[in-house]
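First the structure, then my questions, so here it is.
Labels A, B, C and D are assigned to the chains in the order they are written; within every chain, residues are numbered from 1.
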Amino acid sequence: MNNNLKEQVLRSSGVNVLKCMRCGKCSGTCPSYDEMEYHPHQFVYMVEKGDIETLMESKSIYKCLTCFACVERCPRGVEPAKVVEAVRLATIRKQGNNHLIPDAIPEMLDEDLPQQAIVTAFRKYTK
Amino acid sequence: MQVNDNKEFQPLIVAFCCNWCSYAGADLSGTNRLNYPTNVKIIRVPCSCRVNPMFILRAFQRGADGVILCGCHPGDCHYTSGNYFTRRRMTLLFSMLDFLGIERDRTRVEWVSAAEGAKFAATMNEFTEAVKKLGPNRRLEDLRCRKQ
Amino acid sequence: MQKIGVFVCHCGTNIAATVDVKAVAEALSHEAGVVISQEYQYMCSEAGQNLVKDAIKEHGLTGVVICSCSPRMHENTFRKAAAAAGLNPYLVEIANIREQCSWIHKDIATATEKAIILGKAAIAKVHLNTPLVAGESPVAKRALVIGGGIAGIQTALDIAEAGFEVDIVEKEATIGGKMAQIDKTFPTLDCAACILTPKMVEASQNEKITIHSYSEVSAVKGFIGNFTATIKKKRRFVDETKCTGCGACTEVCPMQKVPNAFNLGLNNRGAVYIPFAQAVPKVATIDANYCLKLRKGDVNEKVCGKCAAACTVGAINYHQQDEYIEQKYGAIVVATGFNPIKLDKYDEFAYNQCPDVVTSLELERLMNAAGPNGGTLLRPSDKTHPHKIVFVQCVGSRCDDSKGKPYCSKICCMYTAKHAMLIREKYPDTEVYVFYIDVRTPGKNFDEFYRRAVEQYNVHYIKGMVGKVTPKADGTIDVQASDLLSNEQLHIDADMVVLATAIEPDKTARPLATMLTTQMDTNDFFTEAHAKLRPVESATAGIFLSGACQGPKDIPETVAQASAAASKAIGLLVKDSITCNPCVAHSNELMCNGCSACEKVCPYGAITYQDKEFRTPYRTTVMRRVASVNPAVCQGCGACTVACPSGAMDLNGFSNSQIMAEVDAICK
Amino acid sequence: MNTFTYYPGCTLRTKAKDLDTYARSSAEALGISLVEPENWQCCGGAYTTAKDEIATKLSAVRTLNSAKEAGQPLITVCSACHNVIKQTNYDISHDEDMAAKVNNYLKLDEAYTGETTVYHYLEMLRDVVGFDNLKKKVVNSFKGKKIAAYYGCLLLRPSKALAMDDPENPTIMEDFIKAIGGTPVIYAQRNECCGGYITMEDKAQATKRSAKVMNSAQEQGADMIITACPLCLYNLKKNSGSELPVYYFTELLAEALGVKEAGNE
């Protein structure tokens, strides 16, 4: 349990994880569920427990689509996507932890790929 | 009320409490043994809206240093709407007291329910402290009424 | 000359440990008018009370001050003791030196000083006390029950049983409410209609009960024992007294495309209809929004009129108007019930997109023998048997957002177990899944019932919530949900989805609460006078609460509360009169200038004005408009006393001079 | 004539020129004047929800402020731009701390605290032009066409900030389809994510998501899908494996108004 990290995630996300009633609707509605090792409801619960490092090391933080389905449908107003974002930021803010490097971009390009995809990916995966 | 060089100033505080919520709240703080200063003396009224602004002026005239008025929370009045009258009347009275130069902190309206014994005690502690800081009420006291 | 007796209580050590009671008695004995000042161990004991009684007789006391516990505790005890000794009970005052002195202070010197001041204030007040006599007001021997569901029916039957007249006002065309729509009841699986309809018949046949169906309460005035209610009988275009309920009109009506409200729109009915076979009263009603003739606006035009032609008793009356009835009541019972919430904001469950996604109440109709499918469970879309059914719990309940309700709807866990069980029983080839957050089964035989669904009927209970429902082209429904225990996301190809929809108070409850000056919580449930000790009374005297209008309830709880409300109402109705609080406002006619300020702030409408003749100098008279307070209506809040600009209005027991005397005593 | 500050965003200048040109020609036909601010910056593509991220919100605030200075409402077309700008505007008017930090950094002549009204092009059609008026101006009706509206995630959520329509039961695009004569197709996946930027990280996931959306629409009998988002269009076309045609809603609008050719000139 890392209290500093927990505090940072809570502050950065602005989420009150204690409002969660453990219904699992966030994970029930998540379109990226199968790609994630830890699921939205686990993010909320593990942050409550202070188990942040496990989440930071998981690839799950790059799988969230930030589609806000969980935020919109949570019956308790918990906003799990914001927790995922805060954990991802805690990871990529560390030096050398950028998940997407510019040199890798040319390989990914195809003629129709909109710029929007690239700038969004940079914002999500890189600091 | 004593103003004494070697003794701390002890304000005299009159608290009007409505019978249904705040007086019961005060009883509850007693039942729970929650301390507040002896400076506070409570007068029971059926509803906070029974308190005529005249009573508050009278208290100041007779040497009270602070007056607090407690009633049911808005919407919970036993008589449906009494505390709304209180809220409006006291807003007017307090602006008049402002005009007379009575510090705003000497008067207060607080909503305390029958279940809020802790809030009652906390409010009285806080209010007494606030009045203590202001010192004795000299502006409205009628010295002819003072007990020698 | 006043003769005042002061009695200081030790309350064992409760007071005596922190307050020097002897010093208090001694100090107070020097106050003006005090002829006797004593202290005693337990004033509330028989011996203590005798001390007071004896002193009253011996010294001819004109006032009594007891320095003891809170007046909320023993004021009545000492008032009774005084009355027994021949002293008017309202000449007794209590100084609260326990809750508001000894219990909250530690220092004996300052606590004693404060106790003396409180005693002095009480003495100053009692000097100005006047003898008061509690008035009496008569009780109208008739009860009004608002709402004709099982709660209202049970309350009415109980009150009628005790011999009092009862009127049921029901806004729908029939009584019966939600229970009439339900198929079976948990945990016994009785048929709801089999136990409800005899009660409906009983209510209609009881000569003490009058049923106003298709009616609303439009105004209520008055107070406990003496309410006057106006009942609006909405026009149903059928003469209730003539209609025999034969149903000939419903058969000839050419407008058969009206969504059947009783079946929740799952099938259609005619514009003229009888809600269901056992309706009470069994009288037809014409829906003016759909009737070809009434929709035209001018009923004299030669349009349709087939129902009138078919009616052999001439009961159809296109010219009928709303009727208003005014009636006096001694007691009012609110039984306005509940409704499932609207699901527009939960379309992740595809309720608006897919006819095979239904609410639990709709499922009741689908399974009901009198329902749209005659009791065979068929999918609304293609009338085929569903083979895989998913139940979703807590839809709109336990929500902390703007869409749903913050409370648990209480009945859903149990009725879902019932549905699951009935389906597995009748159609063993059907797979049933229940997604739950918690299964809540506090109630007699409730958990056993739920366990039976799991163990005996093999219903699949999955801990988790459904997140998305997607209807597919092949007619199945993809249910995407989380299974929290196996930590996976499931996809179930269901044929039907049933949503356990949150329940909320009926929309008519809030305007009714305003009319009755009763309190409601933020969810529009009526607030009881005391959550534990007065659960069926509202805080407004004479208004009682029955059933789900006070909070979510199942049928047995509703019936229990309905009978409890009835017994409270009966307790009131058996009295010929009720004692009024004498601490009411009164106006000094000589000072009143008739300005109406007091009337405007009175929450009870207790103040009226009358023109009175007053004598003036030189033997002339003058007519003046003056206020007068109805002591039976006044509740004694005192709002008027402050509003009165001329100081004419004052309050018995808490008069201006009394309170001022207390202020002076404290500030001395 | 109604004048709006028009924010095209990066993609409308490059890969999504259609979305832009048809929006402009249609606006002209509807009597709406769109003024592009000088020196606009890319919105960043995604809104960072973190409270301690200020720098990533600045470009959106600059855009909002330029509209405020011009005294005009701001109009966006791209769903992503709309989402970022609308969320920024919501947070800056509801989160004092964030507003203070942003303004301390930007040092504008007058602090920006959420004064600008932000419309999505669809909202402009609904609230300014009115779908009834739009209907009257249609020259090439889409009568008989079954059109599925794809909202995706960006236009509707979080509804508290976006406030465009009911997040679970939206009608704005369906009403648009009706206005141009088409028949809207309601399907459950219309407000689910297409995979978005995950195409950069995990092509398979983007394929899975977009295929699900396309199948859902196709199963309900859609002839075509319309969207407001270049990235949705890309995912649905390139990644889904479905043949169902996908268009920008502005293209249909321009065609309905008979100004499609003008836009292509």
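Simple rule for what comes next: contacts are C-beta pairs under 8 Å (C-beta built on N, C-alpha and C of every residue); 3 or more make two chains touch, one makes a residue touch a chain.
The structure presented is a predicted model; accordingly, all values stated were derived computationally and were not measured.
Q: Looking only at C-beta pairs that count as contacts, which pair of chains has more of them, C-D or A-C?
A: Most C-beta pairs in contact, of the two: A-C.
Q: Any idea how many Å lie between the Cα centroids of subunit B and subunit D?
A: Spacing between the chain centres: roughly 58 Å.
Q: For subunit A and subunit B, let me know how many angstrom lie between their CA-based centres, rounded off.
A: The separation of the two C-alpha centroids amounts to 53 Å.
Q: Which integer distance in Å separates the CA centroid of subunit A from that of subunit C?
A: 48
Q: Among the residues of subunit A, which are close enough to touch at least two other chains?
A: 69
Q: By the touch rule stated above, which residues of subunit B touch at least two different other chains?
A: none
Q: List, in ascending order, every residue of subunit C touching at least 2 other chains.
A: 348, 468, in rising order.
Q: What chain pairs are in touch here?
A: Those chain pairs which touch are A-C, A-D, B-C, C-D.
Q: Quick check on the complex: what are the subunit A residues that touch subunit D?
A: 11-14, 31-32, 35, 62-63, 65-69, 71-72, 79, 81-82, 85-86, 89, 100, 108, 110, 112-125
Q: Give every residue of subunit A touching subunit C within the complex, in rising order.
A: Residues 19, 21-30, 33-34, 39, 41-42, 69, 73-77 of subunit A touch subunit C in their complex.
Q: In the complex formed with subunit A, which residues of subunit C make contact?
A: 348, 394, 398-401, 403-404, 437, 463-468, 480-484, 487, 489
Q: Give every residue of subunit D touching subunit A within the complex, in rising order.
A: Within the complex, subunit D touches subunit A at residues 9-11, 14-16, 42, 44-46, 48-53, 56, 78, 80, 152-153, 156-159, 167-168, 192-193, 195-202, 205, 209, 212, 229-231, 233-234, 237-238.
Q: Show which residues of subunit D lie in contact with subunit C when the two form their complex.
A: Of all residues in subunit D, those touching subunit C are 166, 168-169, 186-189, 192, 216, 218-220.
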